[in-house]
Structures are given as structure tokens and as C-alpha cells.
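Next up: the structures, one after another.
Consider the two complexes below, in which subunit A is the common component and subunit B and subunit C are the respective partners.
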Partner chain A sequence: MGYQLIEEITVGAGGAASIEFTGIPQDGVDLVLKLAMRTNRAANTDSVKIQINNNTGSIYTHLRLQGNGSSVLTGSYTGTESYVIVNGNNDTANTFGNADFLISNYTSSNDKSATSDAVNENNATLAYQDLKAHLFADTNPVSSVQLAPSGGTLFLQYSTASLYMITAD
Partner chain B sequence: MATPTYTLIDSVTLATNTANVTFESIPTDGTYGDLVIVLTGTMAVGSVGHGDIKFNYSTTGYNVVHMDGDGSTTISRAYSNQMQMRFSENNSFSTTTLNTTIIQVLDYAETNKHKSVLIRTNRADGLVAATAGRWADTSAINRFILAGDAAYEAGTTVYLYGIAKAL
Partner chain C sequence: MTDTPVKIVVDLSKPKGERESIIPLTDEEIAERDAQAVIAEAERVEQEAIEAQKAADAQAGRDALVALGLTEAQINALLGA
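Right after this comes the complex of A and B.
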């Protein structure tokens, strides 16, 4: 009851090109995806691409509010996946970006509203905090979630992705 | 099996448009340390409107710092001694696009401190915002009202969770 772990995936040696959660139980209220991730992108920061239900349509909209240590910006996006910021491979060694992604009423027959808070951990002035408001124009219950690096090709070893279900009992 | 520490206290799915969504009889006996309120829905406004919360139905003592982005412009504002705690500086709700708002009330039942509140409110077509709030009252919170510029529309859901601080 309450906040239940559905599955935790830890990336092993050699990395992982993608991560997928399937067979998500349909008796919860909200889904929470918690990420601690680093990719092999040779840069400060990368993003994790997020899709639901293997939906590759242009159904993903978000607004972002972002600070980077010296400025703040806001922007919007509509496209074929959503994003949260994590660490790239030029960020401080042994550090991982953290993200918290909540999909509200994930079993409903409405579009899915979501919220994410993410940080890029870096021992330097340049480090990102990223808040997003998401909308997925998919009226199907969320039964699977797909993750992949955006700029890099691999999630690096020790990256973790944990999917939780918040229940009403 | 682990002892549950994030527990649903109450919930509602609005059957009709509702101007004041109330939650009462919240336990203040130490069962929970923090409250988490998750609101998802729309508002019956002509265009867009604000959402807000009032603790113990009080209309005094709300202090906030807002940080908003709307896709084009960022804004930050601070207000003191307001009549309610708004979720954001800009309008958080519309009648067309779902908003998800998460309100965390820390140490809600303590009677030796003002109440600290963290709010994230999100509407993908118009607003992403974070608010740090303080209700300048040492009373334990045993009820609250969710309200705003107009009624929350039918289908809006509100879930109230309690987080225990001890097993």
C-alpha cells in the first residue's frame, strides 16, 4: 500500500542503450519514476528520452523552467518523446544526475499530465536544475515506459531507474 | 513486508464543478509528519485562473515566493500576509489542459512552528512553477480548502497522503 516499488533497474558493466518497464500494474493512482543516471555523451549534461506505451507519435508536450548557475530560462516543446536532464560523461566523475518524474492518474482514459524535477550534478558553476510540466496526448492507461539517452548512446554502469506506484489503499 | 509510510488519508474525484474542495478531520495525533496533496484537473474559467489553498480555513498569514516559467518568460515574485496561498504567480489552471499540482506540507501537525509548504504546479500548455510558502500559524492543520478563481471542473481528482516519520 502507499508507495510501492514496481521495479528497479541498475545498469551493469558495458552500459545499456535503453531501459524499459513493461507490464505495469493497473491498480495504482500515480506512477513515479526516479532516475540516477549518467550517459556516455561527451558533454556536461545529457537528457533521458521518455516515452509511454511505445507511443512514438508527436504526443509529448512540455514546458520547462531551468537554471544553470548563471541564468534562468523557460521554453516549450512538442515532439515524439519527453525529456529530463541527467549527467553526461564530462560532468564530475562518479556523479549521476537525478530526476523525479510523476505521471498522475496513469490508468485513466484521459491524456496524461506529469511533472518532473531534475538536476545535473556537477562540481562546477555549470549545473542544471530543470522543472517541467508535461502532457502526453495518450488516452490509454500507461502500461509501459521506455527510456533512452538523448545525446549519448548508452546509460553508463551504476545508473539506476526505479519505477514506483502510488496506490489508494 | 515493509511498514507503509506513505498512506492515502482521503481522496475525491469531483462529480460536479466544485468551487471549494475541502478535506477535514485530518489526523493530528502524530500518525503522520508531512502531508502530500496531489491535485490533477481543470478549472471552469473563461481562459485561465489561479488555484490556491487555505489551511484550517484561515484567511490570514500566507507568505510565498513564486518562480514561474510559461515557455517565453520567467518571473519570480514574493508576497507576505496574503489571504490564501496561491500555487503560482501566473495562472495555473485552464479549462482545456490538465494541471498537476503537488503540495507538500512539512510538519503539518506541529504546534511549535509555522508551516512550511512546497508547491509544484504544472500545466503543459502554459505554466511550470515552484513555490515556497509559509503559513504563519502554529496551529496543527486538521483541514484545508482548495479553491481558486473558479470552480474545479468535474473529473478533477485530489489525493491526500500522509507520510509517517516513525515506523
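Right after this comes the complex of A and C.
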């Protein structure tokens, strides 16, 4: 089994409103997106919206287990994009939220299942940990992934998005 | 003058070093992005309020069980905590 870095993107000065990976190689088994991100949302925490194949339909569902430093929350979601938690601009300065997003069997002709785990870095009681089990009702192979801030409008400088491929050999 | 926001498009079908394009957003994209951010923020605030109320209700229920004389161990066993 191989774990191969396809590409890593670092946001430059001025920020970026979105990041899109296109032309994803189709010779892997699973796809892994690793994020270290901070947005310009004036709050503690923000989320990264994730879509695949430019699919803007209401095909994204997930089950959520989340902690915030004081309590545990659970929930479910169905909508037009999926989410992972990252840092907002009120979180501790110069820190970034980290998220791993795994899409299993991304080249298959079945609906896509995925898992994510994410943490919001903040030197305070309020800091989120977030586990999700996702399902995308899209039977096309994943050839592109779209990322955008949810509450903010920009990914801030030094945010990174790395795309990995897990191969059979 | 405010810089025009940009999007990063990474075409992985191209060779390394030629993949990344920095593209300014159009006025339509900027307006759509800003509108979506407002909606997302409102939904998030609403969801946070719902979850905060659920947490408060759960704690109030637990406190009511304590007032009835149940021990913490009994409450945890009852609630599966």
C-alpha cells in the first residue's frame, strides 16, 4: 500500500476565497485531504465547505460527534455541501485548525463514503473536536474537490490544503 | 483600494510546477460568496442556539433527577452516560 502526496497548496498573502483540485488521478484507491486552515470569520471556529465534482445538489449527509471543551454534541445533516471544522479569526493568533478527510474508494461507481476528524486550535476552554461519518450520493468517480470557507469569506495566508492518494501498491 | 479576492485552482492533470492558477473572482462570484456567508452565519447561529438549548435541557433534566434523590451513578446508568 502506498500513501502518496499528490499536491500541497499554501495560501499566499491576501488569502484565497476558495481552493479547487481538478483532474484528480484515477489510479488510487482512497483519497485523503489534510487541511490546516484559518479563515477570516470573526469568531472562534469556522468550517470548510467541501464539495466533490462540482456537485451542488443536496447529496451530502453526515452524522456528527462533537466536543467543545464543555459538552458533547451529536447531530446529523443533509445539504448541499459537507463541512469540517477549522479555525476562525478569533481563535488564538497564528494557529490553524487541522482536519483529515478520507474518501474511500473514490473511483468507484457507488455513492461515496467518507470520514473526517477535525480539531479547532484555541488556547481557551472553547475549542472544538469534531468526528463525522459522511455519505455523498454521487456515483461518479471523484475527479475534483472544491473547498471554501463557510462563515468567513477567505482562507487566510499560510493555510494549507494537501491532497493524498492511497494506492494498492 | 480593496484587493480583488482570488480563488486557487489546481489542475492535477498538468505537470508539477504548472498546476496552480490564481484567478480573481468575478463580481458575480463575490456577490454570491458574500450572500452565502451571511446565510451560513445565520444558520450557524441558529444551530448553536438549538444545541445550547438541548445542552441546557439535558442538564436541567439531570438536576431534576438529582432533586428526586437519584445518585449520580444511578443517573449515569439510566442515561447511559
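In the analysis below, the second predicted complex is superposed on the first by the 168 of 169 C-alpha atoms of A that agree within 3 Å, B and C clash if a C-alpha of one lies under 4 Å from a C-alpha of the other, contacts with A are read in each partner's own complex, and residues count from 1 in each chain.
In the analysis below, a contact is a pair of C-beta atoms (placed from the backbone, for glycine too) under 8 Å apart; a residue touches a chain by one contact, two chains touch by 3 or more.
Every value quoted in this text rests on a predicted model; they were computed, and no experiment measured them.
**Student:** Looking at the overlay, does A:63 come into contact with subunit B only (first), subunit C only (second), both, or neither?
**Tutor:** A:63 sits against subunit B, while subunit C stays out of touch.
**Student:** Looking at the overlay, does A:75 come into contact with subunit B only (first), subunit C only (second), both, or neither?
**Tutor:** both
**Student:** Using the touch definition from the top, say if A:11 reaches subunit B (first), subunit C (second), both or neither.
**Tutor:** In the superposition, A:11 touches subunit C alone.
**Student:** Check whether A:20 is in contact with subunit B, with subunit C, with both or with neither, and answer first, second, both or neither.
**Tutor:** A:20: touches subunit C, not subunit B.
**Student:** Mind working out whether A:2 is in touch with subunit B, subunit C, both or neither, as first, second, both or neither?
**Tutor:** A:2 contacts subunit B only, not subunit C.
**Student:** Quick check for you: in the superposed arrangement, does A:110 touch first (subunit B), second (subunit C), both or neither?
**Tutor:** first
**Student:** Once the two structures are superposed, pull the subunit A residues common to the subunit B and subunit C interfaces.
**Tutor:** Shared contact residues on subunit A: 73, 75.
**Student:** Please give the residue numbers of subunit B that touch subunit A in the complex, ascending.
**Tutor:** 4-8, 11, 38, 40, 67-74, 97-100, 102, 120-130, 155, 157, 159, 161
**Student:** Spell out the residues on subunit C that touch subunit A in their complex, using ranges where they run on.
**Tutor:** Subunit C reaches subunit A through residues 3, 5-14, 16, 19-20, 22, 25, 29-30, 33-34, 37, 40-41, 44, 51, 54-55.
**Student:** Which residues of subunit A touch subunit B once you look at their complex with the stated criterion?
**Tutor:** 1-3, 29-30, 61-66, 72-76, 102, 104-105, 110-111, 113-115, 117, 131-135, 166-169
**Student:** Give the list of subunit A residues in touch with subunit C in this complex.
**Tutor:** 6-7, 9, 11-12, 14-25, 41, 71, 73, 75, 148-154, 163
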